Amino acid sequence: MNTIGVKYRFTSFGESHGPAVGGVIDGCPSGLHIDMDAIRADLRRRKRGDDITAGVSARAVKEADEVEWLSGLLDGVTLGTPIAFLIRNTDARPEDYEALKNVYRPGHADYTYEAKYGIRDVRGGGRASARETAARVVAGAIAKQLLQAKGITVKAELSTVGGLTMGQVADNRVVGYADLQEEIRKAQADNDSIGGIVSCVISGVPAGCGEPIFDKVQARLAYAMLSINACKGFEYGVGFASAEHRGSEINHISGGIAGGITDGTDITFRVVFKPTPSIGIPGRHDACVAVRAVPVVEAMAAMIVCDYLIKS
Amino acid sequence: MNTIGVKYRFTSFGESHGPAVGGVIDGCPSGLHIDMDAIRADLRRRKRGDDITAGVSARAVKEADEVEWLSGLLDGVTLGTPIAFLIRNTDARPEDYEALKNVYRPGHADYTYEAKYGIRDVRGGGRASARETAARVVAGAIAKQLLQAKGITVKAELSTVGGLTMGQVADNRVVGYADLQEEIRKAQADNDSIGGIVSCVISGVPAGCGEPIFDKVQARLAYAMLSINACKGFEYGVGFASAEHRGSEINHISGGIAGGITDGTDITFRVVFKPTPSIGIPGRHDACVAVRAVPVVEAMAAMIVCDYLIKS
Amino acid sequence: MNTIGVKYRFTSFGESHGPAVGGVIDGCPSGLHIDMDAIRADLRRRKRGDDITAGVSARAVKEADEVEWLSGLLDGVTLGTPIAFLIRNTDARPEDYEALKNVYRPGHADYTYEAKYGIRDVRGGGRASARETAARVVAGAIAKQLLQAKGITVKAELSTVGGLTMGQVADNRVVGYADLQEEIRKAQADNDSIGGIVSCVISGVPAGCGEPIFDKVQARLAYAMLSINACKGFEYGVGFASAEHRGSEINHISGGIAGGITDGTDITFRVVFKPTPSIGIPGRHDACVAVRAVPVVEAMAAMIVCDYLIKS
Amino acid sequence: MNTIGVKYRFTSFGESHGPAVGGVIDGCPSGLHIDMDAIRADLRRRKRGDDITAGVSARAVKEADEVEWLSGLLDGVTLGTPIAFLIRNTDARPEDYEALKNVYRPGHADYTYEAKYGIRDVRGGGRASARETAARVVAGAIAKQLLQAKGITVKAELSTVGGLTMGQVADNRVVGYADLQEEIRKAQADNDSIGGIVSCVISGVPAGCGEPIFDKVQARLAYAMLSINACKGFEYGVGFASAEHRGSEINHISGGIAGGITDGTDITFRVVFKPTPSIGIPGRHDACVAVRAVPVVEAMAAMIVCDYLIKS
């Protein structure tokens, strides 16, 4: 299914090389003044990977995708009705894909899609393309604005590339942005790709938000993150490092959630993205998909938090 | 909410120190002969942590919980109607908890529960207790039997405790079961607890099972695993190690899923559990909750796979 | 599926001649003091059809079903956790059904069940039996108590039997309870059954409750009513009589709902029940199932209203 | 919420006087060749009420709405991905509504909407308008084509207007189409409106389709029908006439469903629509909304049946 959420419910549509991608947001309360510039900014981050990859991504472009609003808004204010929008696929180039018609691309989802649907949309892998995440970013940007009005912020950033982690010491100095950027450049120079980790902090969520058994906050965050292409894992609080520690050392660290319910402190989690499989095709791949995933992580996290907070 | 799944739908109920825990399984097809011994075996694994912790767990007991079947079965064969069952809480000792009435236990979910519900069931933390997982194990054992009939197996095991990982070399020798067991014993001797990782392999799932956008197989597995108490993270395939590698090195490893849909190879994932917070209370804690989580991981994974495979 | 509701979510289980019927209520807020006598009263109405059929129903019995509470309550007060309960089937008589094993009973769901499940539980038609509604009555009685605390009441009554409607004039006098009762007695004397209509009024629901498109209040009420055995139709406000009128005559009558959303006035609807098909078996049928459906109508309506009002 | 269905899932969006109405269909299998002419024909029926109201409806127009396809199709064949579409609101006239800004229109949902949303979109009543049903008709037309491929047909028609019912005898002759048409003309001549009943037959559904407890076929049909504007009631099989009969007279009539599950015979139901409240505004109302509801009834019924039949 192409819908996520119960109260803040987002339905995504569109093939990467069809006429458009877009979505429908159901459950957004009325009366919210939408900040269109903030949406454009997030779309631009998704498209060119923000400053960290400036001049790096082969797909980098200056302009943001243009959102066309179909419903749910009047003079930029939400009506409480479904918000539908679309983004035209102006750069659809089906001819590029003719050559791929009878070829399974290694590492792509071509084979599994055909096994499931009995048909293969050769136009860019259909829904599997990262193009689909543009619609998520729009829906997430609106969710972030809803949260902002309640004093809640969602902030993600690239924290690890290759073996380098921001703020840690390597080669006798503290790793910074420029180091991660350099690591990506090296991979690209080798016509290769490289994995990365995105760290996210959600601040301002009041205590008591969540569900104790199956709809734990961490469970729904994990679900949302693993629904992003190329994501291979999720951890919150101490995460996988828990296995290396004793209770006496780490039990004061909650990661913002206890028993599936928020405790009022910052929610902290990390998401890992594998290197893109589209290597060896000069000018047609992202050296580090984690970079462009940063606003998508924020978008998905914001939608999940909204889903808990909206009183329907 | 206390329900998981859409087609194989499990609803859990029961407080750890109320009369019973139990559940309702909705969507199990008719005609399955239930192997009651297999269910008892899984309950026993959950209760005493299998051989690896024999003589280790303070709560270890010989007998399995007894399941009372309320509906959905006739002569041990499923009818296609909801399967309801309960397990009595024979060892409910509310008096132990009287002393805790006005105390927030550090690291427990007491505070967040009260923030959410405005009430606190002092009888053992209500639903937060690991006791609730007994019902999951029953529902998962039936799911495993459904899968078995289709040639699908779900097998989990403890793979890492502290810094030791099964099959890896430490101190010039290959780490084995006995080493993990020793590590747990040491933590318990220190009246402390220790974290651990459970690895799981699902074999025999046909290609084409899953959904491409939000109900990706990995997303629902992550959701299910993060719904287990003390779980702090989930990864599949290469997982977090992806961040340390280039695409050319690891893109042949799928973890059994591509684009959210199974590719017919083994699905492999790992789940980390933090050390239990109930330390410092002699005889009242598990030194390594990951041990008892092993059958719970299998149960949750089996239910998720069933949910994809049942044709409704 | 055997679950109804989203926020006040009820899951039903149990075959009529298995060990028990019962249910799980998920979403009931904490802190409600349950009035057990009120629940017993509703169960008794369901069982013997209240005073209107005293001495009429062949299945009439004095005692109410006994509810055993499994979870969700502490000293009769809700905890906010799932409320599970069961009612033992003390009068299960599987031997009566041996003779029916290879016979399709006319008018029963035997044929359609076997078409769906490929198996037939001969013990009383499995889930199709009216026995299952006992669990609904329990869940609905709790919902009514939740509503009562908000000043909302749900009241149903038998209003039409055969051609006679309460309050209307027939044979030069106003039809009353005794007339409906007499009509039922006559059908029973003829070893036949008779249809009836139940009218229901929901008072006190504030304006603004409902959804404008698919989850209209009337749509969910209709869904709930048509889920009751033997129900053949639902109408609200002017109902089917609308077809006989012009707008100028009836547009001031709202039935309590406009555009799918409550307007603050009484919600009024009517539900029709066909005559039971179990005719010709002396002492084994209800002459008018609509009588015993009265508390079931109230129960289902109360659950639907709760679902809209609970803030989750 | 603005979504209906589980496996054939339709999400509707759009205000009557915003830029567009439209929808997203999720779950439609791949490989279906869409008959665009059939969709246009249904849209035309919805818009001008087919031949029965030719020259009658004040809103009657010659051309069908134009559907713009956004995703899910390649060369007119479904891809298995979400099918998104929109219909531009070419005749949006917000200026007409300026005058209504501070007026509650009697019989409209203006008051209840404001009570719910705290805001009122004066542009044509927002979502409450019948305009929204155009998107349902598109989604239903595709559902009908899916069913057609399985030999299933869904056929609705206006059967009662005022006191006249097709096929019955009135004034010593059998009532026909022309009589219903005349009845509508008379109401319109009086600047009034009139109620009507739509009868629907679903043929070819195999036995064994449905659910025995809450998702009974009749329950979901009732839910779908009561979600149509102006619908006041639903009945199937013998319907409300059941109350006037004894079991011995009518128990052989199933209406195509027994115990919530189809029995393989025709499913027959009837839906009543009240007279429109927009009376007294010359040229701005439909004399009998039931006429234009006919294709909407078919659309909703087809979607429900698809939801049961799609194997996901």
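The first chain written gets the first letter, and so on, giving A, B, C and D; residue counts start at 1 in each chain.
In the analysis below, a contact is a pair of C-beta atoms (placed from the backbone, for glycine too) under 8 Å apart; a residue touches a chain by one contact, two chains touch by 3 or more.
It should be emphasised that the depicted structure is a prediction, and the values quoted were computed from it without experimental measurement.
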Chain whose average C-alpha position is farthest from chain B's own: D
Fitted rotation between chain C and its twin chain D in degrees, CA, nearest 5: 180
Chain copies touching (chain A, chain B) - same or different residues, decided at half shared: same
Centre distance in Å when chain A and chain B are each reduced to the mean of their C-alpha atoms: 28
Computed distance of Cα centres, chain C from chain A, in Å: 47
Sequence positions of chain C contacting 2 or more other chains: 1-3, 12, 81, 116, 126-127, 212
Contact set on chain C toward chain D in their complex: 1-4, 12, 106-109, 111-113, 115-116, 125-128, 132, 160-163, 187, 190, 192-197, 206-216, 218-227, 229, 231-240, 242-248, 250-252, 255, 257-264, 272-277, 279, 290
Parts of chain B lying in touch with chain C, wherever the complex brings them together: 1-3, 9, 11-15, 18-22, 24, 26-27, 30-31, 69-74, 79-84, 86, 116-119, 121, 123, 126-127
